[in-house]
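Paired with chain B in one complex and with chain C in the other, chain A is shared by the two complexes that follow.
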Partner chain A sequence: MRLTDWALWLFTVAFFIFMILPIAVVVVISFTSAGFAAFPIPGWSLKWFARIFEYEPFIDSLWVSLKLAVVATVASCVLGIPAALYLSRSRSGWATTITTFLLSPLSMPMIVIGFASLFFLSWMGFGISFLALAIVHTVICLPYVIRTVAAVYRAVPPAYEEAAMILGASRFRTFQEVTLPLIRPGIAAGSLFSFLTSFDNLPVSYFFGSAQTNTLPVVMLAYMEHQFDPSIAALSTLQLALAVIALVVADRLYGIEKMTVAT
Partner chain B sequence: MTLNRRKFLGTGAAAAGLIGLNGMPLRAQQNTLNVTAYGGVWEQAIRDCFVAPFEAKTGATATVSLGGPAQWLAQVEANPENPPLDVLIMTPDLAVIAAEGDLMDDFTVEKLPNLANIPQEFTDACLGKGTYFDYGVGGITYNKQVVSDAPKSFAAFVDRVASGEFVASVPSIQYGVTPVFFIWALNNALGGTVDNVDPFFEAMAKMKDNLVFWAGPNDFFNHLASGEADLGIYFDGRTWNHVDQGIDWIDFINPEEGGAMTAVAIQKPKNASDLAWDYLNEVLAPENQSKFAEILNYGVTNTEVVYSEKLASRVTPLSEANLPPYADIARVRNEWVDRWNREIGM
Partner chain C sequence: MSKTAQISERTRRALLLAPALIFLAVFFVMPLVDNSARSFIGEDGSFTLARYTAFLTDSFYLGVILETVVLSAAVTVISVVIAYPVAYVLVRKAGRFSGLIIFLLIAPLLTSIIMRTFGWQVLFARRGLINQWLVTDLGLLDTPLRWLNTPGLAIAALVHVLVPFAVLSIASVLQGVDRRLEEGALVLGASRFRTFFEVTLPLTLDGIGTGAILVFMIANGSFVTLVLLGGGFQTLPLLIYQQFNTTRDFALASTMSTILLVIALACLWLQLRLVRRQGA
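Let's turn to the complex of A and B:
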């Protein structure tokens, strides 16, 4: 092994430790027997995991977050896939402008989107509601679907679809039999990003929080500000476990590699 | 598969069903009140001490929205004609801003009989459109295992930190009430005024080599627990909460000059449900406030409240705390933050 290879290997290991260690500390703290977050821990206990289920707002908001992430992801796909397909093939000068506009939430501070949306949607009569929250989350999730689907679709030669139509397939059948299977990795990757973006979002959800619409990150923030116990660490560990399980399931069912290729 | 109008409408209906009934905007309902609370132990205390007696007396129900004052104020500002919240918990500076924006209703003894036992200055501090119901004091919290003879005053704190005797953990400017309970309090103790904060910034320059900054209260505790700091500027109630959690090495001193009173205000938005007056009256009731204080280890404002022996030794009396001029501070707050960013940067 050459010196540069060794250096690269060492750098990779060091970087991996740098990334993993803080997460590992949080996981360890979630099993502490102490009533406060400190490391190293004095003893082991599962009581902070039990606390998650005792504190109703955690469970209520987890349910809201899951429901919201599903709605935002589905809505982003319904709106984003046709837009990505059209804009990828369009030769109009407007296509670039519209694409940039649809991707603009990626480059705007989330807190600005949240604050502006609160006033705009209130003015439109949506007020503080799940519907308003779902609309704003769809806006911030949409770029992920458009970007990944468009990236995959641009790599698909138009000749495939043209051949299907020449052979007599309708536009819808061509989409169903040819386009959809080819862009599926893009849809899967975009959906995964959308779901995680919505599920983890705080700055936008913050402005639409109410007793009925508070999401898990909003409740976690409110809890952390006035409580010192390690239940937030336990909740983070649980979230981490769910994310790992979701990735393993996605890998077994579909293959993570296909999704990473799409991005 | 073909997509016809019926299927399209069916899919739309299914999506609406998924969103659920609570997809509709939050509106004030005749027999339901939307109140606010901070998270964790605060929320439970609000439910037990105020929501429960309110529901028992009126037969109405109250939903509790968790979050923070900036979020709630923005929601009311966005919906002034039909506010989604009926009672707001506010920081004193935001309470002034809300009052100045004419977003809140006036508090009077006719509407709130228990207001008669709240010092008038607390209602005046909210420009008559709200009052304080709970307060903490910012002072010196220290690790008893490291600091045997803690500074008794802000002046001694500055001198001893500047000399390198202690490393102090102080709030960063990211923390919302830093301008009040740290900048104003220390500046006031060192002879400054709202329009002259030179004493504060000179003191910070002297201490700069021996300071660490906390962005949130949990950081402060971690600084002390890890040995990164020996003492710092923190709240009395939060210190006692740590003690109750079994941390016996922590203690609090209200500086001789008097720490800044960091109060919690309550307000009722204009056009909110009139049921809010019944709830607010419960919030100001001495028996409910007494119970609230026992849970949170913070002082309350009703003069009829009698603390337990344990709490009486912990709560900083109103007479030994300084009430910051919140309205004046709000006027110069941006200048202070700007100067902090230029000279301190954390």
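Let's turn to the complex of A and C:
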């Protein structure tokens, strides 16, 4: 190997140590037997995972976050899939503009979306409620579903659907038996991104704080401001494990390459 | 016949697109417009530019805007410089390791911002792992360094969040580079360095641009990392957060979020121009 290749590889390994170290440290600390968050740990224990289930605000907010992520994802699919199907078959400049608009929530600062929505939704009478939070989460999740489904559908040749229709299938039957199975990996990936985005969101959820709307990240942030104990590490590890499991399951079902055509 | 078909096509289009469009118009555009409008309405209910003139002539607030942009730019430049070699290895050198590299790039994206900042706090605490290495294990220092609440650590944490985006967008452009152009340069006697700097790098400039704008946009709006890791920065998102939390001057917060929004829109416009050029 050439010297420059060695240098490149060395740099890459250093880069991944930088990327992984802060995360690995948290995973290790979540299994500590000590009463404080420090590394290296004196011994192993599961007590901080038990602590999660003893501290009520964690469990309550975990429940809120899960419900919220499901509602926002379902709403994003209902609103987003039809739009994605239409836009990926249209080649006009006008469709590009619409697509840009539908994806634009991704480019706006989250803190501005959160702050602006709080006032507007209160004015509309939604107040600080689960419904209000679900609406704002749908705004930020919708682009993920649209982008992924559109990318997957664009890679599907129109000939499949044309063949079904020529053979006499109705529009609905064509959709159900040809289109839907073909775009399912896109829906799965889009839903996964949407779920994880909602579940992890802090800058928007932060503005909608109340007993019914405190999400897990909001409660974790509040907890961290007063205490620095390993229960935050245990929660984070649990969250990461769930995300990895979801990704692996989606990969087994649909294949990661198919799902990442979009990115 | 053809006329009815045309109408039904139009209805179909409307039915498919309308739900998403109406939803975003009502719950995304209107809140932002309403928020900006509030920054132009004075106490007496009439139109005013007073908040903007006050804001843009106050040296503190001008400093805040400047600091927001400079911090984001610094994070962007560092991310892109780090990302390029990694993307190059991923596309050109990794071979059977490319799957592993992609996994290692995506895994951090699945972790919450809270988890990462927690990790940084543990690593760089006064008696944390890094200081232990530097003082006890390697003996490089006599006394532990103070890392937390320094600008450097906050920047490192922001880079940590954003650099995977830069790697992924640079990698996707590198993948599209026609390698015959590089081979041509090599055959004609250019050195490997010259080939890289005069062929490969210019061909990937658009990808660098797209990645850079993406990183810049996200950096511009981030505040959680800065709230938790400190660093003494005064940026627009941080100030909006503070206004909301403590001072509760909502009109000022609206003014600041409008300015932040304008910066974001400018980035979006630039990004669209770049993407269009790539498409052409």
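As a working rule, the second predicted complex is superposed on the first by the 233 of 263 C-alpha atoms of A that agree within 3 Å, B and C clash if a C-alpha of one lies under 4 Å from a C-alpha of the other, contacts with A are read in each partner's own complex, and residues count from 1 in each chain.
Methods note: a residue touches a chain if its C-beta (ideal position, glycine included) is under 8 Å from a C-beta of that chain, and two chains touch if they have at least 3 such contacts.
Keep in mind the model is a prediction, meaning the values are calculated, not measured.
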Should chain B and chain C be called a clash or a fit once both complexes are overlaid on chain A?
clash
Would you check which partner chain A:Val136 touches, where first means chain B only, second means chain C only, and both and neither mean what they say?
second
Chain touching more of chain A, residue-wise (chain B, chain C)
C
State whether A:Gly209 touches chain B only (first), chain C only (second), both chains, or neither.
first
With both complexes superposed on chain A, which partner does A:Leu79 reach: first (chain B), second (chain C), both or neither?
second
Kindly classify A:Ile41 by the partners it touches after superposition: chain B alone (first), chain C alone (second), both, or neither?
neither
Based on the superposed arrangement, let me know which partner A:Ala169 touches: chain B (first), chain C (second), both, or neither?
neither
According to the stated criteria, A:Ile52 is in contact with first (chain B), second (chain C), both, or neither; which is it?
neither
Would you check which partner chain A:Pro109 touches, where first means chain B only, second means chain C only, and both and neither mean what they say?
second
When the two structures are overlaid on chain A, which partner does A:Gly125 contact: first (chain B), second (chain C), both, or neither?
first
With both complexes overlaid on chain A, does A:Trp9 touch chain B (first), chain C (second), both or neither?
second
Where on chain A do the contacts with chain B and the contacts with chain C coincide?
37-38, 115, 119, 123, 207, 221, 224, 228
Per the touch rule above, chain A residues touching chain C in the complex are 4-5, 8-9, 11-12, 15-16, 18-26, 29, 37-40, 78-80, 82-83, 85-87, 98, 100-102, 104-105, 107-113, 115-117, 119-121, 123, 135-136, 138-139, 142, 146, 196, 200, 202-203, 207, 217, 220-221, 224, 228, 232-233, 236-237, 239-240, 243-244, 247, 263
Could you list, by residue number, the parts of chain C that touch chain A in their complex?
12-13, 15-17, 19-21, 23-24, 27-28, 30-32, 34-35, 38, 82, 85-86, 88-89, 93, 101, 104-108, 110-116, 118-123, 125, 127-129, 160, 163-164, 168, 192, 217, 220-224, 228, 237, 240-241, 244, 250, 253-254, 257, 260-261, 264, 267-268, 271-272
Residues of chain B touching chain A in their complex?
1-3, 15, 18-20, 22-27, 34, 38-43, 63-68, 71, 74-75, 77-79, 82, 84-85, 216-218, 221-222, 225-226, 241-242, 245-247
Residue numbers on chain A that touch chain B, as the complex places them
34-38, 57, 67, 70-71, 74-75, 115, 118-119, 122-123, 125-132, 134, 172, 176, 206-207, 209-214, 218-219, 221-229
